[in-house]
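The chains carry the letters A, B, C and D, assigned in the order they are written, with residues numbered from 1 in each.
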Amino acid sequence: MTLRDLVLVRLGVALNLVIGQIVAALLLPVYLDSVGTILVAALVGPRAAITAGLVSQVLNAVISGNFSWLPFALVQVVIALYAAAAARLGLFRRLGTAVPAGVGMGFTAAACSAPISYFLFGGVTAGGVTAVTTVLRALGAPLGVAVAAASFSTDLLDKAIACALVCVVLRSLPRTLAARFPGLAR
Amino acid sequence: MDVRLAGIRFSYGAVEALRGVDLALAAGEQVALLGPNGAGKTTLTRLLVALRRPSAGRVTVGDWEVAHRRPDEMARRVGYVFQHADQQLFARSIEEDVAFGPRCLGLRRPRVGPVLEELGLAAVARLHPYDVPAPTRKLVALAGVLAMEPRVLVLDEPTAGLDRPQRDLVVEALRGRARDGVTVLAVSHDLGFVAEAADRVVVMREGRIAEDRPVRELLWDAPALRGLGLRPPATVEVSVALRLGGRPVRTAEVVEGMRGVKWRQAPE
Amino acid sequence: MTTLVTLERVSFGYPGAARPALTEVSLEVRPREVLLVTGPAGAGTSTLLLVATGFAPRVVGGTLGGVRRLAARRCGVVFARPWTQLTGLCSTVRDEVAFGPASLGLPRAAVLAAAARALEQLRVAHLADRDPSQLSGGELQRVVVAAALALEPDVLALDDPAAELDPEAADALYDALPSFAAGGTAVLLATPDLQRAARVATRVIGVADGRVVADGRPAEVLTGTDVALLARAADCPPPFPVDVSALLGRIAPDASRRGHDPSDAPPAGSGPDPGATAR
Amino acid sequence: MIGYVPGASALHRAHPYTTLAAAAALLMGAFAMTGPLEVWVLVAAAAVFAAVGGVLRASARTALLLSLPVWVLLFVLHGLLGPDPRVAVGPVVLSAPGLARALVLGGRLAAIVLGFLTALAAVSPHRLVEAMTADGAPFGRAFLLASTLTVLPRMRERAARILEAQQCRGLRLRGSPLSRLKALVPLALPLVLGALAEVDEQVLALDARGAASGARRTALEPPRDSTWQRALRWTLLLFVVAAYAWKFWRLRR
């Protein structure tokens, strides 16, 4: 990776970890903690995006102490690859395609995270998801169904908004900045 | 519009940033706030827009109790220009960005055009804010606040990084607002700017108001300035060197005092 | 005297920009000079610094036209915001300053010696063991300049290096520039702060709209310092004096008496110290 | 307590790779273990690890704080709501397999968290970077590891300033979900655009200081490695491989 790629990866990681501050101030029920990964995928490419995703996961662990979530790094890799593919197809150019792409990303991410959550952690992971899982389980749903339903319901909204936001960012880039990213012109 | 702070105390955890501040600013007054880093200047200004709540004391802006207001409500009366205001821009053109504040307030006919004109931004109005140099972005942020037509203006280091022509535009804009009764409070280290754009200087030290004097008194008080790590502005240096009377501080006053000076040709 | 940088009718445009940032610029940079590049906002002063030090287009992209000869082995660059210029890898100031020489793979002793020299030169040796993230902006910017100097650059470009500093720290930084030049480095400086720059510059390049419009000694070229603007407004014939002592030199002896009224003058000792003004 | 704690314990003095290898082995081992007893033996090993680092009390307290909510949820999700057969524990009737599962999952979490908190407390980022430099690791690796962490405070500060600035321009943070969603744009965009606008400066600063020079960077204080530490790291690797071999061998039967 070039120095520029490294600095952009660092930016993406910082965005992943800091955007939550803004989301929390607005009391929105999402994390958007892969916005930076998606942005890096669109601006630089899959390799940088995977790096951003993995580093974010490790940093998250270092900051929160929740090292047991490290296996979810796999989900970050999947998101990065999906986002890079979506960017190459030009899906982030318009909100009309970015939001469905985000929903698809949510599906893909949940399809990855639910099994990890089920097999490695017995369905108990991050706060919000676990609460939904517990409620569903108490209502009589089998554990596997409860975990999957909780993962999908949270991920779809989260990734749809994240992709929409990245689309808005890309559309708002000034010409001089956009010209630094030859990938965008495609 | 009148601004009043009475018996203000404020702490960040165990650190007391403001230790009993009383200050009254009258409508149309232009006041500069000086002091070393950590004296509590920025904290004080944040109280005026409800971004911080004092642990004791009262802040009023006109007939509003600031304690009962949110920052976005205070925006109707108090315009706050942040030190790194160039970091708050986001719209796709400068004129759109300047219109953001007025739109949030629901102003029906925002005066975006005249404000851009006033700050010399008319030619770049359609450019993306990040396609102009950072100092110009700073002017854009100021324009965004002026377009909200606040009755009180609070500015944090408004001239840092600006060149002299840009600074002169800021000075003119502030003077114009003050003539219309807007109260202007500017935190600044730039004494050239203070000389032009303040009638009164408040000096803070360790969370208290240490001095509160007319601008021409403080700027002619070299020991007091040295104590703040500041040098007199060029206007005062020239006036002292030429022994001009009447303690002039503004360019126009000094030029007036220099009238009749006989110039020599430059030595080869 | 050797020439470190030669530009002959050089043009430069950023990627995606509608107009070139520089047009047919010719310039020579020689050792031991403090060269102030000045012009209105957006005139291309920052770009000229990057082109003259070889960082544009190599690092920022864009297209270069004309002839550029870089005899300088190494060039350093410092920007206004100190926090964008830290490596983020170093937990002490000493490491941060040593990063450059260490990156070149110099032996450990040479790296530490270079860092120590640079720390001393910027008077930040006492901060060597501190964590850079804990320093004030003024301290940090001096560390950033020391880090650039540790590589012993032939050309050091400073793009408004004191914009984020308080007046005392800004004075200290500008006052250190002549000592860099004395050590053989050419200092390229772009800043709107003409008052401070006028005190240290040995030569001034005026830039407008991407073209060089003036090149000469400060007294000949600098027309925008506060004192020069005052003199101009008071009908002084050009060239305008750049500072107070130059202004006094331009006034005919009997003139200073006019307007002087003892009753209005400040009491003894309370006026600004004239010694300080002539600095 | 999360982060480096200065000290002079054996773990602090050990080569950073050794301490990290031990924490990684605890993580990998924890996912390999499937029985409650094995898992809790691993928890005990993590506690010994923390004790060697001289941070047992602090690490254990933080690990407990982080694990407790998860333990409660595990107990509810598996112990109360788990499948039959049931056993009576005092006044409540609990799912026997669910309880065993909760014990495994809870122990796993405890071992991993305790292990990494200890490693975090004993390995200073500075020594880790020095170790990687001495190793000739590519610049990018050390950069991403250490530098991302140091930019976070500034990014947080900037996000906070933007929140304040836009409120002062009249932006409301409350209201309908849709209006709050819309408010994301004036808040998130300046953060991203501002950061992107600084990229050039950051790249130039790194480039000017030889970050891309290609030379092997000189380590100023390379941590000391030793033969037995290298042997220990290989042993830990063997342990992990053995644990997974054991796990899959049992699964196949």
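Just so it is clear, contacts are C-beta pairs under 8 Å (C-beta built on N, C-alpha and C of every residue); 3 or more make two chains touch, one makes a residue touch a chain.
Quantities reported herein were computed from a predicted structural model and do not represent experimental measurements.
Taking A-B and A-C together, the pair of chains sharing more C-beta contacts is A-C. Look at where the CA atoms of chain C average out and do the same for chain D: the two points lie 44 Å apart. Chain A and chain D, compared by their mean Cα positions, are separated by 19 Å. In chain B, the residues touching two or more other chains are 90, 130. Among all residues of chain A, those that touch two or more other chains are 3-4, 10, 172, 174-177, 180. Residue positions of chain C touching 2 or more other chains, listed in rising order: 59, 88.
Judged by the touch criterion defined above, the protein chains are all mutually in contact, each touching every other. Residues 46, 49, 51, 70-72, 74-76, 78-80, 82, 84-90, 100-101, 104-105, 130, 144-145, 148 of chain B are the ones touching chain D in the complex. Residue ranges of chain A in contact with chain C, taken from their complex: 3-4, 10, 175-176, 178-180.
By the touch criterion given at the top, residues 36-37, 132-136, 160-166, 189, 192, 220-223, 225, 229-238, 240-247, 251, 254-255, 257-267 of chain B touch chain C in their complex.
On the chain A side of its complex with chain D, the touching residues are 1-4, 6-11, 13-15, 17-19, 21-23, 25-28, 35, 39, 51, 55, 59, 61-68, 70-71, 120-124, 130, 133-134, 137-138, 143, 161, 165, 168-169, 172-174, 177, 180. Put simply, chain C touches chain D in their complex at residues 50, 55, 59-60, 75-77, 79, 81, 83-92, 95, 98-108, 111-112, 133, 144, 147-148, 151.
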